[in-house]
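Same chain, two partners: chain A is paired with chain B first, then with chain C.
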Partner chain A sequence: MAEVTITSRTRAGGMRKLLERYPFLPALAIVVALLLLNGLFSPNSLSYRSLTGLLSTYMALVLLAIAQTYVIYAGDIDLSAGSILSLVNVAIVVLMERWGGGAGAVLLALALGLLLGLGCGLLNGIVVAALRLQAIVATFATSIFFTGFALYILPVAGTPAPALFWRTYGGRLLGVPFVFYILAVLVVLLLVLSRTRLVTQLLAVGDDQQAAFQTGLPVVQVRIKGYLLCGLFSALAAFCITGDTASGDPLVGGRMTLYSVAAVVLGGSALSGGWGTVVGSLLGALTIGLINSVVFFMGTPSEWQNFVQGFAILVVLMAGVLAGRRARA
Partner chain B sequence: MTRILSFARQPLVVALVLIALLLYLGQTLSPGFASGGQVLRLLIVASLLGIVAAGQNVVILGGREGIDLSVGGVVSLSAIIAGNVMNGADSGIVPAILACLAAGAFFGLLNGLGVTLLRIPPLVMTLGMLGVLQGLLVVIRMGIPSGRAAPGLSSFVTQPLAAGIPGIIWLWIAIGVLMAFMLHRTVFGHRIYAIGSNEHAAYMAGVPVRLMRVALFMISGMFAAIAGLCLLGYSGSSFANVGEQYTLASIIAVVFGGTSLAGGKGGYTGTMAGAILLVILQSILTTVNIDESGRQMVFGATLLLLMMFYGRGRAMRA
Partner chain C sequence: MSKLKLSGVSKAYGATLALRRGDLEVLAGEVHVLMGSNGSGKSTLCKIIAGSVRPDAGKILIDNRPVTITGPRSARAEGIGIFYQELSLAAHRSVEENICLAALPTRSHLFVDRALLKQRAARYIQLFEEVAGEGFSADALVGNLRPDQRQLVEIMKALASEAPILIFDEPTSALDRAQVDCFFEILRDLTWQDRGIIFISHRMDEIKAIGDRVTIIRDGETITTLNLAETDATSVIRLMVGGSGDMPASQSSAPAVVEGKDGAAMTVRNLSGRGFRNVSFEVAKGEILGFGGLHGQGQSALLRSIFGAGSISSGEVLIGDSRFDASSPRDAIRRGCAYVSGDRGRDGVISGRPIIENVTPIHYLRDRLMIARPSKLRDKVVPALQSMHTKFQSLFDPINSLSGGNQQKVIIARWLVDRPDVLLLDDPTKGIDLSAKADLFALIRQLAAEGLGILLYSSEDAELLGNANRILVFNGGSVSRELTGTDRTRYNLYQAAYEAA
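This part shows the complex of A and B:
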């Protein structure tokens, strides 16, 4: 196997070499093309202001896609990511409201939200890695459980988040929109994570679980850690959606799970595990957001919008898979 | 002793024992739960799920991470098509069946071509197709009313046909027999297991792997279409996304039936028991007097618990 890789690498042309080093390039190209299309149909949509709006709306999906990436690295999948997001969303909103909505209450609620996300991730990890249930069906079952828990905390959507929280999220700090700080922190966080041993271990497990085990990796623990990261980032995604919608909704994340999987694939990562990039997933999530925006600005009749979006996403999904395979070849 | 143990650990046996236990539990919690009429009602609901799961089953058996996430969309689409083609008239039933089957086969064909020609993973391909189908549903729904079921179809699904048993249950039994015959007695069936357990070996042995895979997705689409049609007969008229719940439920039914998601191992008889098990479980939770949140938490936890009985992965060994 190794020899094949080496020969193909030495023979690789410039394009392939580039793809191999920066596998998210196709996703980046798609994002740029969609931005240009957006600008073509509505020049206003490329303004600083609308781009900030786009980012703050889709930041939650970006984080959820990143969450999903870490489990997909290890060849697993998490169909409960969206419901973890919903659960953390209602939990922090209810806690903030109960504690009065001051700065201390907000921070404490956020800390508990992170712990809740980690707890959900731990449950998923135990169920999938330690109890060895099949990831697709087991995380679907936990997603039902998490949704039930979210409904228990807040039966109907509507409790508002404290103004302090969403004003900060949608506002500016030193003249720069707050989401850009989030993006900057995120980039640093991802860089740090990519230097850790954990990401390499996740990829090794996803590439060949048996081989990883035989080289002495604690496969079960590594997979659990993947789910922990997923829970953590899902909680962060919940913070962003709370900032964006300014309220609690026990079903807000239901539909986002499958989008997060789509975003990972759009970013060129392999669903079978062992290969991928988080930057690709970030771009994949933005692609989904931009497609929705292009379809809107193109003046598509409202009843056709969902269809055109669905079709465009299917097409770029295929492109993502094909490009990812080219890069790995 | 070992023989008894291995018999008792067969998925079908596990599912049947669990079904009996759940029926008993239901009867204790609310007397009349296991009465004849009630069981028939449960079986009607289970047959809708079971028909969708038949298609899901063959796709999963075919291996290479085979899965069809678009079945829910096809069920909804088929219910709308059927409602509009028949529009309350018995004369429209046959054209409606043909139209639904054609639509199911068409989307199955697209899935199959994406998976074989472009080599898109089934999860991705059918997930994308689900998005397209959901968009299509919105377009159709804006343009035309949802239509009505013909009285003939409704009575086929809800009224006794022969021996006091509704037609849809007879249909499901027939599908069960046909599936068992196809999977175990025909070349086509053997080839499904062949490509599911070792695609490369099957290819070397002369099995037209790509053609097979396209056929499996078309079968899945057509079963989902039949289920959509019957669902229309069950509810009288279709409403938005009526089929959505069937996507993951059909996968769970297949897993509870003992078919491995890795492909090549399992069968449809178990899946039928799995569908019944899932429907009884849901039904018990509706009869018990707890609110929606508690119901969902119990349902999720029970699903996890039940999964412990089925095909857990092997532990890592050096």
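This part shows the complex of A and C:
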């Protein structure tokens, strides 16, 4: 009897160690389970082709979730991430169109798009960290501002992106779909970023802001840099959405903000800060994508789809919480 | 040679003076002990030196050179390292990351140099290798460590600053004997390197063992600096307490023994839980039982656990003759137990709501009230408030419009609508003014006279001495001494709290 309890305890301890090192494991398990579910309802949905389609559709959400992760690391939140995405989306589409849609125009527009994303991030960072306004309300306010700016640039959705741009995004390079290159570069980029001093500092600030201040960390600068990273990745997300939809839409990102927050939480990060991984957020975003795909392939009537989606996200969230609690017990 | 010199440093938070006039001179190569009772301003003084609190006035000299410290970063640049009493660790980071957090070693200014970080942290971890205990390793998460191990990490972090001036604000409160000895060996090494060390502890034997000189602070003012070799514990405690140390409690002292005519109001037998162990006592009806001792020796944890808000691992609690053992505060309230915390913001005030709503929640619970009619409630609420001379304009003003003292009166009034059998007071007068305190204690005595059993923990010894019939002195989570009758003097209370730790 005693032996049994001891083994189960060491197993729980080992699981806890594993979860501490890889907090995204429950998210990974959920993604695998959802893939299997997808295959069950429609074997066709596991084909190379449909997985590519899934990835190119949800790559924008993946990047937006990663953007959100860096501010959540520091215990902040960015409710304007989706609006930054919309703003960059319409800005680059309009610029590309105005400059003729050639390769040079596309690259120049993308560079300006990145700067625009960084600028939005800087504004958020100053408002939240330097002026010490409540992150949740302050970024909500800036989101309205960014949306207004996007509507000024492009009042109605519909301006098409140049064919060169969306054909590249949706096309293949050396026989491999372009999104896989994006995924590969992204993984390398995330690995590099995870080794930076900034990420450690962000996590330390999110863990206990007062302690970080007393340790002598430049808390305000660190939080601003978190928002800069968020702006940068929101701009990258905008590039993907532009490639996927091939047009400009000033309201495209509004709905995505809270999805990005949900993805971060599904990925095992703590909303209170100090704890999490970007890989988890990537998996969290894919989870949301896969849930939508399961709901579609199950043949849910359209009037029930929202209901099923919401319910599925709650179930997945619950599963993650239970996995974490069992490992900690 | 003077390493650090402070003169006339002061700090006020709003109307409360945390530090009136702090003077301190630390020499190179000495361990300088700071002593003073709870809330005398020691920690504030340390935080001013470390830059996490900005002083209102005063001068700071380092190596006889005047400096302005604008924040923790500039303090580090001036060569000051600090161990914070409340620790400054990131719970989800590893031990080695925490040790090096203030100055992460980097490659090309961007990436953390893991190898160098490991190597640098290992130097400090190795100092405590023998005594760190099970489960301590460089890559363990700080949040998973025991309290004493966390304290060791904070010590390592302070040492890793390699600063010429080091401040240790109660670094030994959770450490065991072997860990303390190991730490003191390291401190002695540091003094040979001519560093200046400021050391705060409440354990007299430790101070004797490590200290060279002692500066005594009382009520935010530096009293004097003495050579520890030329003084003894008695005179140090006498200086901390002030002139009135030998006076018996206070003229308005409560009677020493309560005739146990009605039997026990509450009996606690061998109660253990998180923060306290093996506590037994009995409080008679009409008795005020005081809990004394240094802050955080288990008094609050015990009171919260009795009220069902903490954890109890063994032992039992009885109210009257029946088992009580509340599983939750809700349960405790239903069965006639009341709890008032000094931390009003966390445990008492329903922020932003009217006064009447702040008086009535207990009444709702005990009477299973479903529908509230303000006009009817008023008849119950007003007498409860008036019994303490609570000042308010209208029952429907938000509670935040009142002063701290009046807010606390409202919180206490909520327990007076339906009388409890036992009242647990957890440092109830924290941060409230003198006249409100007087009103509160007048009421508490009156409640005792009406037959309530009262447990009173106070961080201010004068309140205990002036109101408690008996005082249990807590030390390290258990009762170390009981003071009754004429033993209840300031001197005895201090001595019991400080010596045996």
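Everything that follows uses one rule, which is that the second predicted complex is superposed on the first by the 306 of 329 C-alpha atoms of A that agree within 3 Å, B and C clash if a C-alpha of one lies under 4 Å from a C-alpha of the other, contacts with A are read in each partner's own complex, and residues count from 1 in each chain.
The working rule: contacts are C-beta pairs under 8 Å (C-beta built on N, C-alpha and C of every residue); 3 or more make two chains touch, one makes a residue touch a chain.
Bear in mind that the values here come from a model prediction, so they are computed numbers and not experimental data.
Chemist: Put the two structures on top of each other at chain A: do chain B and chain C fit, or clash?
Modeler: Clash - chain B and chain C, as placed by superposing on chain A, overlap.
Chemist: By residue count, which of the two partners contacts chain A more extensively, chain B or chain C?
Modeler: Per-residue touch count on chain A favours B.
Chemist: Look at A:213 in the shared chain and tell me whether it touches chain B only, chain C only, both, or neither; answer first, second, both or neither.
Modeler: Touch status of A:213: both partners.
Chemist: One more residue to check, A:195. First (chain B), second (chain C), both or neither?
Modeler: A:195 contacts chain C only, not chain B.
Chemist: Once the structures are superposed on A, label A:20 by its partner contacts, choosing first (chain B), second (chain C), both or neither.
Modeler: A:20 sits against chain C, while chain B stays out of touch.
Chemist: So, does A:60 touch the first partner chain B, the second partner chain C, both, or neither?
Modeler: A:60 contacts neither chain B nor chain C.
Chemist: Going by the contact rule set out at the top, does A:203 touch chain B (first), chain C (second), both, or neither?
Modeler: second
Chemist: Per the contact definition in the header, classify A:120: touching chain B only (first), chain C only (second), both, or neither.
Modeler: A:120 sits against neither chain B nor chain C.
Chemist: For A:232, decide between first (touching chain B), second (touching chain C), both and neither.
Modeler: The answer is neither, since A:232 touches no partner chain.
Chemist: With the two structures laid over each other on chain A, which partner does A:271 touch: chain B (first), chain C (second), both, or neither?
Modeler: First partner only, chain B.
Chemist: For chain A, give the residues common to its interface with chain B and its interface with chain C.
Modeler: The overlap between the chain B and chain C interfaces on chain A comprises residues 210, 213-214.
Chemist: In their shared complex, at which residues does chain C touch chain A?
Modeler: Contact set of chain C toward chain A: 50, 52, 71-73, 75-76, 82, 84, 87-93, 97, 101-102, 104, 106, 110-112, 114, 141, 157.
Chemist: Name, in rising order, each residue of chain A that touches chain B in their complex.
Modeler: Chain A residues touching chain B: 79, 127, 131-134, 136-138, 140-152, 155, 209-210, 213-214, 219-220, 258, 261-262, 265, 271-272, 302-311, 313-314, 317-318, 321-322, 325.
Chemist: Quick check: in the complex, which residue numbers of chain A touch chain C?
Modeler: My answer: residues 20, 195-198, 200-201, 203-204, 207-208, 210-218, 274-275.
Chemist: Note which residues of chain B are touching chain A in the complex, please.
Modeler: It is residues 65, 67, 69, 114, 118-121, 123-125, 127-136, 138-139, 141-143, 248, 251-252, 255, 261, 291-301, 303-304, 307-308, 311-318 of chain B that touch chain A.
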